[in-house]
């Protein structure tokens, strides 16, 4: 059928198809991620989770969506109309843009930029603007506090996140996500970067910073319900609030997808079809994020900053040196032991330096 | 020399604008309708004024217009987490006033019920403290799973899960139904297993330690001077427990220890509550072992008033009965003028008095810490505002 | 395919017009916060122009550095110092006429320079896809000296900022 | 100790709970939520919700004799009783009006304790939510009436003990009455008063 | 240490103080001496009553009273009860907050409920009632509205909202209005010494 169409229509058609795929994939993953999260956290807490709407609660996201649409959209009178209105839109745009660069399967990357990774990092750094607009626009003390906290957190976690990606680029020699996945193709599709010492450390740091980047569990300061009610989206309701919610979940999906691409070999896998590998790895990482949410209490603002600047950042710098050494050293066991030794030594050293934050031993007497 | 080199011409004072924020009365983590008028400089708390009275229903005025037994169900609603120990305190006060004796079996049942409420209270408080720290409801739901088992026993014994209204002056309302002691024994058997699992989840958790250690430190002499009682006092290292000080009811027969903390910060208050739960389990095991199988459950002197509580006229005089409630020392001061209604009825609410030093603990800490410190003080607004 | 090129070309001109409009708005709008947002729009517009000229590395770096970091600090400064609640003070003063004259003069000067001088343009500029590898090679081989000097400059400013900030907390 | 071990141990606890929810039963750590409308928990016998009035066979012969003791004893004073009078105006041993305001009642059970005639008991039925606070929640005498069989069904041991006690009192009264009738018939004519 | 020994100890330490035992507590005749007695009891090495358990206001019609229960934390000894009486028109009591920090909220509650003015209390304002509230709710002569008897204003409101008001209540409200009295709940019980 496509044979007789003029070529410029072909180009537009392919662009439209990929846009439609992403525009459909994004919100649907978001909806079913909310359901997955509520089910998994429920199961962790010995309860069932939503199971009333649809067979196993499968229609629950639809019900939430309809509820969000019909909820009244209240705009506080002192609010700054432009900033208040634009903030939710400007927070969803980067979340959707970033889908373009993720390699879902062999040859299934929407736009195979040769600066894919840099595109991902650049776009995800613009969300701070939207959060500023949300917290400034709603003229509410709680949202101002939330806004300040989230921007400080995002800025200070972006640095170790970007630096933890550098070793991967250094070894593969290209910024394109597809090349990175191809570079992990050895040993029948199991030669993932995570099995190298620097890869494991970089993966842990990248994943922690990713969790902090999308304001999820141990780092969910900005919308800390127990302290400042709901942070920068206190004054939002109805569809605008749903957009914030959607952006958070899409970010968590893309961060997990990118972590899988960079360190777990993206769609590389021995037998199963490539896209199945990709989605399995991504959903395992999402499960870990939800697991964090179901278990861990929250950091305080200053502890969060110290963790980023005094612990993760030096670790990533050392990791880049080790990756450099790894690139030039001959492929022998000595290389592995050397790098593993250096990394564990530096991890222990940094932990000693941050001794102030380690838990103290406590002794309790018993009077009568 | 470095300072000299970088001398800034006119050092502009950058005192940022302080922010006055109202946390409460409608706030997810103030444990009820309680307002804190907080002035913030950036994130740190500069001043914190508690505002109360949103749940005030003049419980004392009500009690002065109804008979002694009729105000027993109202004491359930003081600290609605521990209705049995509230009843215990009110029963003790009136027994001291009318010097009634309490038969053996009733004494044992009272102690068993009081210690079960201590388990329920401490487990729920730790759950709520973790909620304030940000753990998304998981510890609370583990705690509530154990609380359900104990509330089933309360419902079986007294008829209601939280509003038990089970104790009467001189004993208890009705004897235990058949099989209840076995069920209590079973709950006590697998409570330690749950506690160990709870501790592995929480005690060594680095984030919890970072957030709770050296936060809201309460020095021992300030605690005694500010009449702080309960786990907060013992977490600061002061060895004072009303069960050991007054030896009321039959607590002198049980051997149990009083866990004492060192620094008196939020972490010590959390861990002292865990250790107190283990001590309560010891008391419960001993009580279940020694409880007399049969025996009457209310003193002879109260026989005529069982069917007609309004005729109960204690002799003229006053009495102050106090008990070691899970939140602290709960006392009832009652003055009788010979009529069926008390002349003066006063509740010494531990939650209210433990709030005296809330501002001292929170100043200098961050907003997040102020919420956690309030959570560690463990207040219930029904008792604060009585 | 030519229609496609026309559409794309028209898109690029629209993008440039958008950036110019945003720039004008950034200067004239009353609310300081809105001005900062318009400035961010200008920067994103410029990144779009880089993209259209196939300099995608430069576009991404532009977004990452300017919009991600510089704008964040600018808005941080605005939010911290701005009195919370009231709209900002009026910006105009008596020198509008002189400023307008200066703007016209500089416009004429720059446009004549950019048109008159013969830039060393290669013929197939459109086809030259500058890959990231070549860029990296150039930066760290042929132009390594300027690269290192700039990094020294950045480090000194960083240390200076830390000292000034620390002085405040001490005093 | 390495920094993260406490956190990891804690997370293993939640993972164990997550897996247990699929494979373990309700009491070994699995899911123990009872899905309410479909499945219900067994009711405890001494559970007490709002009070109800007891009648023996037919709703006419109420046990309540309108003695007003429970109205006096009730802490929040939510019971209102008016005695019934027959046509000639003589007071009857039954209440004409017996209102309980369910918005005020706190189901404390003191009326059940204080009632000397075993007439008022605490019910088990708790699904009585109504849309209207003023009229629907003020229960009149006829709404409160429940039969003795219902009472035996929901609270077997208590009801059994009370019925046994009442039957015994019945026999004792009947025996005493029979004995009194026998005594009256065999008693000799009363002598005229000695002048 | 029974009451007599404590009384004699205090009288020895503070000459010229007038104490009267009342129902196993010590009544300090002159209210101004309260802080001195409390300070003495707190610092005395033998008694060491360093823990003020509760401060209670009370109203005995002829006078207002404030009762203090003191305990010792180290010695774990039982309550020593102090009592201070003031007349209704000058209810002034020196505050114990400088000595016992724990008295702060309880004295505010006594002020809120009984109108006992505690001098040099750091922050004496109502603790439970809202700022604009007049009167002291727990006093025996506080006119508390009797919710059983309707007044004319209530009946008008009920008519406006279409409720059926029985004749008896309407008549009672009318003659109440005629006598100009308020429907006040009468207080039961008689005051004791």
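Lettered A, B, C, D and E in written order, each chain numbered from 1.
Keep this in mind: a residue touches a chain if its C-beta (ideal position, glycine included) is under 8 Å from a C-beta of that chain, and two chains touch if they have at least 3 such contacts.
As the structure is a prediction and not an experimental result, all values here were calculated from the model.
Student: Just to be sure I understand: going only through chains that touch, what's the smallest number of steps from subunit A to subunit C?
Tutor: So the least number of steps between the two chains is 1.
Student: Treat subunit B as missing and name each group of chains that still hangs together through touching.
Tutor: A, C, D | E
Student: What chain lies closest to the overall centre, CA atoms only?
Tutor: B
Student: What is the chain whose Cα centroid lies farthest from the Cα centroid of subunit E?
Tutor: For subunit E, the chain whose C-alpha mean is farthest off is C.
Student: Looking at A-B and A-D, which one has the bigger number of contacting C-beta pairs?
Tutor: A-B
Student: Just give me the whole-number Å value for how far the CA centre of subunit A lies from that of subunit E.
Tutor: 61
Student: If you average the Cα atoms of subunit D and of subunit E to get two centres, how far apart are those centres in Å?
Tutor: 40
Student: Which integer distance in Å separates the CA centroid of subunit C from that of subunit D?
Tutor: 80
Student: Centre to centre, by mean C-alpha position, how many angstrom separate subunit B and subunit D?
Tutor: Roughly 32 Å, centre to centre.
Student: Specify, in ascending order, the residues of subunit E that touch 2 or more different other chains.
Tutor: none
Student: Scan subunit D for residues touching two or more other chains and write them down.
Tutor: In subunit D, 3, 6-7, 10, 13-14, 17, 32 touch at least two other chains.
Student: Send over the residues of subunit A in touch with two or more other chains.
Tutor: 44-47, 144, 294-296, 358-359
Student: Where on subunit A does subunit D make contact in their complex?
Tutor: Its residues touching subunit D are 40, 43-48, 291-292, 294-296, 348, 351, 358-359.
Student: Across the complex, what residues on subunit E touch subunit B?
Tutor: Residues of subunit E touching subunit B: 23, 50-54, 56, 58-59, 67, 69, 71, 73, 76, 78-79, 81, 100-106, 109, 113, 126-130, 137-138, 144, 185, 187-192.
Student: What residues of subunit A sit close enough to touch subunit C in their complex?
Tutor: 7-8, 11-12, 78, 80, 82-83, 113-115, 118-119, 121-123, 125-126, 128-129, 132-133, 136, 139, 144, 147-148, 151, 155, 158, 173-175
Student: Could you list, by residue number, the parts of subunit D that touch subunit A in their complex?
Tutor: Those in contact with subunit A are residues 1-3, 6-7, 10-11, 13-15, 17-18, 20-22, 29-33, 35.
Student: Using the touch definition up top, name the residues of subunit B that touch subunit D in the complex.
Tutor: My answer: residues 66-67, 69-74, 138, 142, 145, 148, 152, 155-160, 163, 165, 173-174, 177, 197, 200-202, 204-207, 209, 306-310.
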